[in-house]
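Below, each structure is written out as structure tokens.
Two complexes, one shared chain (subunit A), two partners (subunit B, subunit C).
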Partner chain A sequence: MKGAGKIDPLADLSPGSVCQIVSLELSGLLRRRILDMGIVPGTIIRCIRRGPSGDPTAYLVRETLIALRNEDATQILVKRLSNGEENV
Partner chain B sequence: MRPLTPSGSLSDVCGKAESVRNSNLNSLSDQIVADIYGNAELITKQVLSKKKTHQKGLDQRLDDLVTSKWFGYPLMLLMLVIVFWITMEGANFPSRLIASGLFTFQDQLTLWFQWAGTPAWIHGILVLGVYRTLAWVVSVMLPPMAIFFPMFTLLEDSGYLPRIAFNMDHIFKKAKACGKQSLTMCMGFGCNAVGVTSCRIIDSPRERLIAILTNSFVPCNGRFPTLIIVTSIFIGGTFVPYSGFVTAFVISGLILSGIAVTLLVSRVLSVTILKGEPSSLVLELPSYRRPQIGAVIYRSMIDRTIFVLRRAVLAAAPAGAVIWILANTYLGQQSIIVSLAQALNPIGQLIGLDGFILLAFILGLPANEIVLPILLMSYLSTGYLQDLGSLDGLRNVLVNNGWTWLTAINVMLFSLFHWPCATTLLTTYKETGSKKWMFLSFIIPTIIGISVCFILTQVVRSLGLV
Partner chain C sequence: MILSAEKKKSRKDHIGLSEAKNQFSIALAGNPNVGKSTIFNALTGLHQHTGNWPGKTVDNAQGDFQYRQKSFIIIDLPGTYSLLAHTVEEQIARDFLCFANPDVTVVVLDATCLERNLNLALQVFEITPKVIVCLNLMDEAQKKDLVIDLPSLEHELGVPVIATSARQGEGLKELREKIYQVATGSLQTRPRQIVYSSDVEEAVRDLLPHVETIANNPLSPRWIALRLLDGDGSFLDSLSNYLSIDRDLSPGWEESKCAH
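This part shows the complex of A and B:
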């Protein structure tokens, strides 16, 4: 499990990998929306897929698929749990 | 704690207070939300047991297909063409059936009126005006709606629409707008007023306004019949065995150009009156589910088809009476409608239409559904009503009034790009709370429509193609 335990932006995750939210570096309305969706520090998130042109990325949060733009996902810091390729 | 030092001004103090509040509030609110979710998770674990599966579910496999790099976009296009193809092929026969039924009943009505000895003008207003327009609207609109809306509701119910937003978001971001705008556009296919209301799902006020102002670039259900009929007559009809497919392709092409204009206008608005950068997107992609057929039929029939048809009928009935009066009141040598059309004719000709067409679009302001009926009524106001149930009869009426393929294309383009109907304008006013945005939502599509038709017409004419 290469890179496990490192702190990274959520956007850097490749599809299939699993991580745990460390902190949200967002503010305002978006921060509240993200919290509302259940993305809070400690939540386990799995990166599922990227859109056809690579931009919004779909993440699995508590069995719900949520798409985030990469700009927003870079502001969410996570701890990698697995790189996931073996887990896909 | 540090002793307070006097600050420069009140706003400095307020600023400091705000920053202190924010820095604490975030961690506090995070803690609260995390606790709530923690509790919820605990409860869930106690009461729910789940089979753990490691294989890829159907959802994942479907998503692999519909959001894939290679198939994502073509698949959306294919869906579009298929939906319209089924709508057109399916609506053809029932439309004719309803038309012949209703027009036969019109003759019966006329007999009854004659038998009762009612004056000619009452018969004119009620039967030739109100009833005939209503018969038109119902026979032309009901079958395509009864097919299109359930199909659309099926797509909606299955969970495919959020995937469209997911696929399209990148493109909308480039236009500095929100991917959810593609959802409000999908709603616009049904009804632009509903589309405008649905813009509430967009969080950023700037992007919401963009979505509202551009919603009418998606042809609503009231404009489909016009597009479908004109395409079938002038384009599809020339490729006889494949007319359904050709028509579906042409209409899909029109819709694509509407989408292109939407993106362009969104982009232009973003650098002019609605300056700003694209904000965020949090889009939930619910799992696919098997649509409940009963609910789909109920919802699409009662909530949509009947709703839209009712609106069309309410607008068409008085419009039919007004048209009949305009067409049969003579000021000097000619009827009012002919005078009005002649006054509009120079402008109409400039953009490849004619005075009657322009008048029909103007009188169609209450509801786009009645544009074509009004046009036919005014074309026929002097002549005898022929067999309008068949496309050939319609084609004759239009060709006799000087239509060419260029007129047909211009009518379709103008139908796609012109002022939204009165309901949509009122809804825009209600949603934005400002007359300025309502006016912009009126003028932007109008300017685009006039310029597009003008340029096309002048180019085609100067090349001598018509």
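This part shows the complex of A and C:
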């Protein structure tokens, strides 16, 4: 599979792709908030869809849909497990 | 726990909790929409009246019930995903658990999404050992064909786990009995404590001697040390306020900033 296993920012994922959280490069309250929502290293996360202007993006985490700003999602590093649109 | 008149007065002033003499206080914590209020109403039989938190617009409901010749006051806290205070609700729930020192805290969890809900339970475990986990919405979980291994969960968590479907009135009898047992001390709980990375644990060990010198402190020193490491300013403000300590003079604060 093309791109599988590669480390990328979460924001680079296209809808449909699935990845695993590697690390959070965030700090302070935002980091805390992201962790409280269940986004921790090892968590599987699926990119669902983008907002009309490409931001924010909805992600499925532990059966809950969460919207993240791309600005914040670029600071979450993930390992790609399967790609989205380009493979569909 | 029976409080002295003096302590009771300060609890009323700070927390807005007006329990009568010989009354056990029970806090209901949980994520939003897990059925805390349904459990509250079922336990109290709709005898609730709302109390107000000083300086806050958010209400907390208080009600009472009798069980086995004992009187219990139950406080329905605002629903939160965390106690690490990003929002007013989280701050209220945290301050109540930390400073009102309830005799029992019932953490209500949504049985259909346990994984997400357990985060709050683990945070409560760090504040107080007297916890009961109430797995509510068991009827919903059954509809989703979810099977939960209650004895294993209880073993893993170290506290009693009660399955309820509050809307159907199921499990409430057992919940009342466990509240009674934990409140009176006939049942001891040992909630599982999170062990952090060795760096964090080492920093906590360094801070503990300083934290332990804080006078009249009803809180777990470990919890305070962890919040110091977080650099959680909102918690330090509450701590200074409730314990009437001068933050600038409190030992450990400067060091914690360095550690952070």
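The rule we apply is simple: the second predicted complex is superposed on the first by the 83 of 88 C-alpha atoms of A that agree within 3 Å, B and C clash if a C-alpha of one lies under 4 Å from a C-alpha of the other, contacts with A are read in each partner's own complex, and residues count from 1 in each chain.
Basically, a residue touches a chain if its C-beta (ideal position, glycine included) is under 8 Å from a C-beta of that chain, and two chains touch if they have at least 3 such contacts.
Quick caveat, the model's predicted, so the values are computed rather than measured.
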| item | value |
| --- | --- |
| Which superposed partner A:Gly38 touches (first subunit B, second subunit C, both, neither) | both |
| Partner chain(s) touched by A:Leu77 [first = subunit B, second = subunit C, both, neither] | neither |
| Subunit B versus subunit C as contact partner of A:Ala11, first or second or both or neither | neither |
| Subunit B versus subunit C as contact partner of A:Leu29, first or second or both or neither | both |
| First (subunit B), second (subunit C), both or neither touched by A:Thr64 | both |
| Set intersection of subunit A contacts, subunit C complex versus subunit B complex | 29, 33, 36-38, 62, 64 |
| Complex interface listing, subunit A residues touching subunit B | 24, 27, 29-31, 33-38, 40-43, 48-49, 51-56, 58, 62, 64-69, 71-72 |
| Subunit C-facing residues of subunit A, complex | 28-29, 32-33, 36-38, 62-64 |
| Residues of subunit B touching subunit A in the complex | 22, 26, 29-30, 33-34, 37-38, 41, 60, 63-64, 67-69, 72-73, 166-167, 169-171, 173, 179, 203, 278-287 |
| Residues of subunit C touching subunit A in the complex | 81-82, 84, 86, 113, 115-116, 119, 230-231 |
